[in-house]
Amino acid sequence: MPGVPPQRFTYLGPEGTFAEQALLTLPAARNGVREPSATVPEALDAVRSGAVGAALVPLENSVEGAVGVTLDELAYGAPLLITRELLLQVRFGLFGRPGTKLESVRTVASHPHGLAQVRAWMRKHLPDAEQRSTSSTSDAAVAVARGDFDAAACAAVAGERQRLELLADDIGDSSTAVTRFVLVTRPGRPAERTGDDLTSLVAFIAHDRAGALLEVLTEFAVRGLNLTRIESRPTKERLGRYCFLLDCSGHIADDRVGEAVMGLRRICADVRFLGSYPAAEPSPPYTRRPGTSDADFADAAGWLRQIRDGATDRG
Amino acid sequence: MPGVPPQRFTYLGPEGTFAEQALLTLPAARNGVREPSATVPEALDAVRSGAVGAALVPLENSVEGAVGVTLDELAYGAPLLITRELLLQVRFGLFGRPGTKLESVRTVASHPHGLAQVRAWMRKHLPDAEQRSTSSTSDAAVAVARGDFDAAACAAVAGERQRLELLADDIGDSSTAVTRFVLVTRPGRPAERTGDDLTSLVAFIAHDRAGALLEVLTEFAVRGLNLTRIESRPTKERLGRYCFLLDCSGHIADDRVGEAVMGLRRICADVRFLGSYPAAEPSPPYTRRPGTSDADFADAAGWLRQIRDGATDRG
Amino acid sequence: MPGVPPQRFTYLGPEGTFAEQALLTLPAARNGVREPSATVPEALDAVRSGAVGAALVPLENSVEGAVGVTLDELAYGAPLLITRELLLQVRFGLFGRPGTKLESVRTVASHPHGLAQVRAWMRKHLPDAEQRSTSSTSDAAVAVARGDFDAAACAAVAGERQRLELLADDIGDSSTAVTRFVLVTRPGRPAERTGDDLTSLVAFIAHDRAGALLEVLTEFAVRGLNLTRIESRPTKERLGRYCFLLDCSGHIADDRVGEAVMGLRRICADVRFLGSYPAAEPSPPYTRRPGTSDADFADAAGWLRQIRDGATDRG
Amino acid sequence: MPGVPPQRFTYLGPEGTFAEQALLTLPAARNGVREPSATVPEALDAVRSGAVGAALVPLENSVEGAVGVTLDELAYGAPLLITRELLLQVRFGLFGRPGTKLESVRTVASHPHGLAQVRAWMRKHLPDAEQRSTSSTSDAAVAVARGDFDAAACAAVAGERQRLELLADDIGDSSTAVTRFVLVTRPGRPAERTGDDLTSLVAFIAHDRAGALLEVLTEFAVRGLNLTRIESRPTKERLGRYCFLLDCSGHIADDRVGEAVMGLRRICADVRFLGSYPAAEPSPPYTRRPGTSDADFADAAGWLRQIRDGATDRG
């Protein structure tokens, strides 16, 4: 039901991962019930079955979850709706048991991708420490609490839950980028238009039409829509067709977005609408194509009515 | 008034030109009043002032009238509406006074463009005859009747009106192409949609946007509209901007044409709608871009309504 | 022979037309032999046969010659080369026999298009004078000299040759635009590159490929070439294919023009190169697409050599 | 050195992952030295430093490695060259200690993504077994050999190395897609052209030019190049610019690829060439844009030479 926030949430677990940390930025989620799911498909199935109202899963640039799984679920699984995006600045801390001294750390555990992201810091500050892989960053905290390793590179929420002590903060590479999560519900009416929104789509393209992607992008460009993300995915029928996940500026309720997605619907083998939702950060300034403002669209529609009715051309 | 044919007509004269011959193919014109105009601007001004209901003027590939004048009047003069196109196969006959023998013809008169078009025939059949220019093909017939020259290369209607005799028929080069005339009225509701229509437009483009023409054509291409004609025209403010006269397949009442011209309205400095009218000959077969049929447009509009309302994505 | 100007010239006659006036702006033509031709095809055939070295014919916006004839000759006739363009501001004077007073003028003669262009002036200054058509503006001057009419609306060169007196100068509408003539020779090496050149081409397109014109324009746009003129022409095999006459900024010797015309050669049914020649007036300022300067082209070619050779990527 | 295969290899470890399995399909690697790396950046740094000659890392659709890390290393790290792609059909087996019976399996371990991919099989055949996460699929095999869990979902190479027994084969979802690995060396001359090659590039685009991606794709489309993959990546300077990883059909030595990448070089903020290498599977059949074959390119180049030299236009 639009406007009524869900009360039960799931997220890509286990507890203490960056996904949980992102979810906690949502007031409704802080006040509601939150349960981890072992995998993205499990999280999304919990939404589909109605077991939870919404799931938070990584969509881009994730440290732990492979976003390909999320993309494929959204593109090929039973339909779902993105109602929100969350951007989380991934921040790694080094956590040890209370009393641990940084200089005495001999083993550091984390998810392999976490280890990759703290590599520069480690080389400088703990060049002799051994690195150990765990299946998630929060598992590393659990293992440190258990005494398996000296320190864990993980999110604050994981270290705190295991009552570990912060030995060093913000140890990730400067490149440790923002991770993008999306909140997903069952299909329904899109989130309200705010004026600075994004729309996510999947466009399926038959392999045997060269230039098809160019045609798809042209549908956006002629309406002055900016693509903020594009990613091609191979499909299961490998040689049959392929698909693109696209995020564009604007809301499905906008004239310009409506016209563009109708164009996609007409030229693509299939199109799946994934949702329109508020942009988590202000859209980057870009030179909008002249003639594509809301006022331009309204003016053009009024003019067309006039010439169809036979009013004297004002031009 | 739509549906009520005009009763008074004018055309690019003088009497006996190909324009009159074209006008006579219209039943309403055969039954109505027909008056020649000395020039295209005069003919169009007679429409604007209400002196006549419609004017027939050459728009393309004319033997006598410079179509540039027509284009500039339609683009820059007080607005008018094209309600009909007529294609006339220009057919030259050689006419002399009764009793004239072909072999005794020493002088042949016609408009210079007419002389150009019968050149091959003349070289073969009357290599020694002198060629004389007159200000129109029908003036040549008048001058022959008066005894100034032996024969005239002109339209049948001109030879017959002067009671001349046909000495040789169809003497034009095989290349003597079809001339296109348009019937023009005061602005009003466009002609009825027939399913095989053309729409004429003028698009004004500011000089300082490179690639602007490409953008204009893209508006047509994404809606699967074929351009059957395009012609750039310099404008009066020479360095200010320029304009294009465009004919595209389809009727302004069509969704696809409506979307495209709204796009033009948004991106061009100005757009003038010149009319939608039945195509005089069946559109040439061309590979229509997949996904741009009427059914495709209707399906896409229905699908958009569904996703905006939150109906479950059928994709 | 490149560099050696022709010595014999022809132009669209008769003597005293604007074409002659345009030709006289060329020093080589002033010093050479000049002969009028009755029609554009005759003028061009004189070049093809070698009877003259060059012909001056109207290509755009002509008062007297139908430019369609020129276009079709260049597109379909035996190949020729444009080596020069000339822009002539068409200026009409009103000429009468010596001693004629403006207020006593009762009949004014000119080519019908000439009459159309002095209409506003006539309405104001000689509202009661009769208008008479002649087959060219210079024929009007001849007829006035002969005593047939009181005054002629024609070029200064025509009035002066007939020893007429100027009764009123610059009587054309303000809209009386610039006429564009081209100097045409037999095929050969294009005119030298000056840095501000135009290139003229004919692109033949098969009817059965929708979007073909868009593809043609894209070949120019991706190389940052501006189209200064485009005009579609029906072909003789009416339903078979159609063609476009295109003028673009740049010289065939430029990398960017070379790449674009190779692209046309690949995608069009046929392409005809009509010539590269100095622009008669400075190109209008337009926003050139970034990345398409000469330096950009040279840089990209150097970079490609490097990566093909395996030099370390500087990017 | 071109033509001389490397003798030392690394791959995304640990031993027994799918990456090792993929590497073993290369004869040179089977005969050479192979060492696992803990992370993708470590593997690539070993190449950069010269410690190994080549590294095999996942580039698309990986079960274990986040391909985003690979993409960012290739786009932003010190330059490297892709010389080969390998496609591996990911095939999961269920492995237990010798003597284990399938029906007695109570705990199944794998990397979380591995668990996600065998979910359907597990639900059907081992609905009551507990699932346990490990940091890689091969770690699961090690843990089973140690006695921590009853069974591991992993690659055959991992099960065999730990002397485990295959309890069930091919237990992945039918959707378990092909993983794409690339073999990476230090920069140098690209792999030899085979006639069915791929070229990988990174295109950096300034944020403030709307429609920039469309321009990039147009550079490929006009040369008839098919994009087999496209993925946008946020950059470190978040609002500054973004980049695209592109794979296109063809080899950098091809005229059409050379022209297209020069175009990219001109219009993009930056371009990085990642390599040209044989396509691992025959290119999917697609309708190549007419006029873009090798013969078409050669013909156009010859024709351009002719018209530049002034040879008579054959058109």
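We call the chains A, B, C and D, going by the order they appear; numbering starts again at 1 in every chain.
Methods note: a residue touches a chain if its C-beta (ideal position, glycine included) is under 8 Å from a C-beta of that chain, and two chains touch if they have at least 3 such contacts.
Note that this is a predicted model, so its numbers are computed, not measured.
Novice: List every chain that touches both chain C and chain D.
Specialist: Neighbours common to chain C and chain D are absent.
Novice: Same residues or different residues: which describes how chain B and chain C meet, taking over half shared numbers as same?
Specialist: same
Novice: Just the number, please: Cα centre separation of chain B and chain D in whole Å.
Specialist: 58
Novice: Round to the nearest whole Å and give the separation of the Cα centres of chain B and chain C.
Specialist: 23
Novice: Between chain A and chain B, what is the gap in Å from one C-alpha centre to the other?
Specialist: 56
Novice: Multi-chain contacts in chain A: which residues touch at least two other chains?
Specialist: Each of 209, 218, 221, 289 in chain A touches at least two other chains.
Novice: Of all residues in chain A, which touch chain B in the complex?
Specialist: 2, 79, 187-190, 202, 209, 215, 218-219, 221-222, 252-253, 258-259, 261-263, 265-268, 270-273, 289-292, 296-297, 299-301, 303-304, 307-313, 315
Novice: Can you list the residues on chain C that touch chain B in the complex?
Specialist: Touch residues, chain C against chain B: 14, 38-42, 60-63, 65-69, 72, 76, 111-113, 115-116, 119, 131, 133-136, 139, 174-175, 177-178, 207-211, 213-214, 217-218, 221, 224, 226-232, 234, 236, 238-239, 244, 284-289.
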